[in-house]
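What follows is a pair of complexes built around chain A, which joins chain B in one and chain C in the other.
Our next item is the complex of A and B:
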């Protein structure tokens, strides 16, 4: 069994209540930080831990905290990003639903380190039932003296609120999130200025993912150095992986960073192998935005080394033969899955979610969706595949926020690794008109097709 | 189905909702009451028949002391706000990659057949509206759908049948608030 730093007690009955959570060692980090450490010392431990942002980009959390403008006269804010909308990602939901106090505890300790007096949890509107769970936990924390005025008699005061969104993936982008929290459309802001200088209400703000904030709890409890002993190299600690798709045991797994990908997919402790006794075809390892990899490249790097669940190992080979850990949304495809149809669902998603501020993203995502729709439905033209590559290239790097890149990368990588499948669609339209085709029959490659004289 | 022509003077939150709205406004600093807009629109949609009519949006604007257009531009941006009337029960089926891999197409087709409507339509009796939505953060328990605040996961066509019957006999408006 791997070491668990966040979810060890998640199945303890009643852990969602203050009483049981506290009995199991909960809120120790608040006591330790507020009573025995200065705010800067807490930040220092987070730096030492090597913790990297768990929302997708993997930016070192301690460094982000140290960028916060501490000289400003304005109030400072810690905002938790619980927008979780990246397809394939559902770990924050699990954590908040099962262990709401872990997030509340992390918010208190984190807010203390940053000197915030008011903090917000921005949660996607669809998770409204979790808003209730979090609000109940927050009420309990107030009642126990862990929130509000003069917490535990230390003189530190904090108010914590939950703010629901209303259905918009783009509000997961941190500046769009702040706009949304100000009651506006979720249009990402031009950076700089970064939120650390001008964030919520133009005041210094840190935005962190749910899992990042939760990880502050074991970091403060154990000390940064001790936390950093888990994991490998610059990938320290544990990570929640959301596993979905064609596996025997979809679900959420807390893994020690450094676990071999092969073990994660095939061992019974984790995904339990591919369902229905089938073979694995491909994996999207970090949420829909990261490049898809074929089975051989997800298990081993191009150099033939075993691929590990770390930021570095998954990225090995760059975008030619590697991918990213991203948000940890691990989607597995068996040999019957149609890569074109999957990509079309992703393209439709990004088109739907583009905020529309930049033309390359607004128009480009629409074109990609349209072209993929026609390829998938048997109306593809011979130049369509190159057209897709061209559109993706023109979006990448030319937009205000990374949603444009997030839309382009899956397209570029799917064509890079599975071009044959796209060509097959264009060449044999009558075979792909039935969308079920690829689900009932393992994908027939060009070569196999020639062999049977088609 | 509710009439589209509600009159402004009829629109007023219940005392309970008004108290909730005032609590929500207090979460934000003085002068930043516009921050309350998204949560208050959720309250409004739940209270006024599941959708945001222009008079309802104007009412919310007046409560928050902002311009009506500031409400319209927000209400039209976010997918959870309905700008047209919807059936008593709004059924939203996730259709993104991970759900598709586990059979969301079958769930959508089954619902279309059963309710005798296409995606985006409302049944003639005003009972059900069927929508498809993008990833709801439930991919490990796919296929799934949302109705009101409730997630229905690991769906099969049998489960869908049972759900539709339950919803029909309960005949309660679905809202995200409950």
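Our next item is the complex of A and C:
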């Protein structure tokens, strides 16, 4: 069994209530931080822990905290990004639903470190029932004196609010989130200025993912150095992985970073192998935005080394033969899955969720979706594959926010690794008209067949 | 002050100037095009992405290049910054891509569009666009709607530059006009069929880079290149009263604000000047309007430098015939 830092007590009955959570060692980090540490010491511990943002980009959290403009006379804010909407990612929901007090505790400790007097949890509108769970937890924390004026008699005061969004993926981008929180249309802002200088209401703001804020609790409890002992290299601590797709045991697993990918997929402790005894075809390792990898490249890097569940190992090989850990949405496809159909589904999502502010993303995502729809339904022609590559290239890097990149990367990588499958769709339009075409007759690479024959 | 090099030309500009404005201080071909940026509208810019440039050196202190192409209209210059615009193939390629995206859902109905001839998208497509589209699907369409009794909205032509929403927000009070929906379904709209009704709403027409917002009092009256633009002014209690009269014979077909060489209005005008004084007698006409950027219009009219030089030469000849003086010959004509 791997070490669990966040979810150890998650199955204790009644852990969502304040009493049970407190009895199991809850709110110790608040007491420790507020009574024995200065705010800068807490930030220092987070820096030492090497904690990296769990929302997708993997930016060092301690560094982000230290960028916060502390000289400004404006109030400072900590905002929790609970707008989890990446296809394939559902870890924050689990954490907030089962252990709302863990997030509240992390918010109090984090706000103290940053000197915030008001903090917000921005949650996606579809999680309305979790809003109620969190609000109940916040009420309990107020009643117990962990929130409000003069917390635990230390003189530190904090107000914590939950703010539901209206159901837009783009509001998970931090500046769009802040716009939405201010009550405006959720369009991403141009950077610079970064939120650390001018964020919510133009005041210095830190925006962190739910899991990042929750990880502050074990960091303060254990100390940054002790936390950093879990994991490998620059990927420290544990990570929640939302495993889904064609596996025997889909679900949410807390893993120590550094676990081999092969063990994660095949061991009975985690995913338990591919369902129905089939073969694995491909894996999307970190939510729909990251490049898709074929089975051989996800288990071993291009250099032949074993691939591990870390930020560095998954990114090994760049975008040519690597991917990203992203938000930990681990989607596995077996041999009956159609990569083109899957890609079309992703493209449809990004087309639907583009905010429409900048031209490449607004027009390009729709274009890619239409071309993919055409190919998947047997109306594609030979130029379409190169057209897709070109459109993806023209979107990537030319947009205001990373949504354009997130839409372009899956397209570019799927064509890079599975070009033959796209060609098959163009070549045999009659066969792909059945939506379950590869279940009827799994795709076999003609090149590989030739190689075997020779 | 900051020194910045754009396409090999060095210029010194005030701190906080954007790359685009620094390039405009140099002028000429190296100025990036801009479809959404508008100097006098706060927060405008950064959206259309046609002004993307490459920063090969961030500043003298930190010479690292910027990892991505940046929107020149919103990126401030740093001392020692080196920028590539038309000298970078990467920038031209990206710009071509953006123009293709902008034209993807554009109806290309220039033959019946009132903006033709003074349309920024036309100029941009002429310079950077491909001759043929690669888009095979149906283009998105919208119904034409009236926003107020004087303005017509053709959402199909809109490129979502957001300029008009900033005008509605910053120039006038009582905001009832903004963007609805998301992605390529977004549309400019008023709040539940409300009319845009205030003294300065007409400026939305002038800031629109394409033919999405047109003046209903001018629609289908004339192609813009058949009109004769004259600078004129009147005493107006609400605005500067400085306008351009677009005339045909003695009739004033349209009144608009004066635009500079980058198509930007410097002094906004009120709706009374724009719509209610279509009589030459109401105005003090200053003389023909000099239009240099909107080439299609300029061709039919005044101040063509070659013609002016020829006119001067003829005058010189006449003076010579009269035997009064013998001035220097014009070197540009003898060469």
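Assume the second predicted complex is superposed on the first by the 442 of 454 C-alpha atoms of A that agree within 3 Å, B and C clash if a C-alpha of one lies under 4 Å from a C-alpha of the other, contacts with A are read in each partner's own complex, and residues count from 1 in each chain.
Following the convention adopted for this analysis, a residue touches a chain if its C-beta (ideal position, glycine included) is under 8 Å from a C-beta of that chain, and two chains touch if they have at least 3 such contacts.
Everything numeric in this text was worked out from a predicted model, so none of it was measured.
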I'd like to know which partner A:193 touches here: chain B for first, chain C for second, both or neither.
neither
Regarding the shared-chain residue A:168, is it in contact with chain B (first), chain C (second), both, or neither?
both
Name the contact category of A:397: first (chain B only), second (chain C only), both, or neither.
second
Just checking: does A:272 make contact with chain B only, chain C only, both, or neither of them? Give me first, second, both or neither.
neither
Just checking: does A:370 make contact with chain B only, chain C only, both, or neither of them? Give me first, second, both or neither.
second
Please indicate which partner A:201 is in contact with in the superposed arrangement: first for chain B, second for chain C, both, or neither.
first
Check the residue A:342 against both partner chains and state whether it touches chain B (first), chain C (second), both, or neither.
first
Winner on chain A touched-residue count between chain B and chain C: chain B
Determine, under the contact definition given at the top, whether A:360 touches first (chain B), second (chain C), both, or neither.
second
After superposition on the shared chain, which partner residues are touched by A:185: those of chain B (first), chain C (second), both, or neither?
both
Indicate the residue numbers of chain A shared between its chain B interface and its chain C interface, in ascending order.
168, 185, 352-353, 355
Could you list, by residue number, the parts of chain A that touch chain C in their complex?
168, 170, 185, 190, 351-360, 362-367, 370, 374, 387, 393-395, 397-400
Taking the touch rule as given, give the residues of chain B at its contact with chain A in the complex, in rising order.
27, 29, 32, 34-39, 41-42, 64, 66, 70, 73-74, 77-81, 95-98, 100-102, 105, 133-142, 146, 149-151, 176-177
Considering only the defined contacts, which chain C positions touch chain A in the complex?
45-50, 52, 68-69, 71, 74, 93-94, 97-98, 100-102, 104-105, 134-137, 159-160, 162, 178-179, 181-186
Taking the touch rule as given, give the residues of chain A at its contact with chain B in the complex, in rising order.
75, 84-90, 92-93, 118, 120, 124-129, 159, 161, 163-169, 180-186, 201, 242-246, 250-252, 284, 288, 329, 331, 333, 337, 341-342, 345-346, 348-349, 352-353, 355, 435
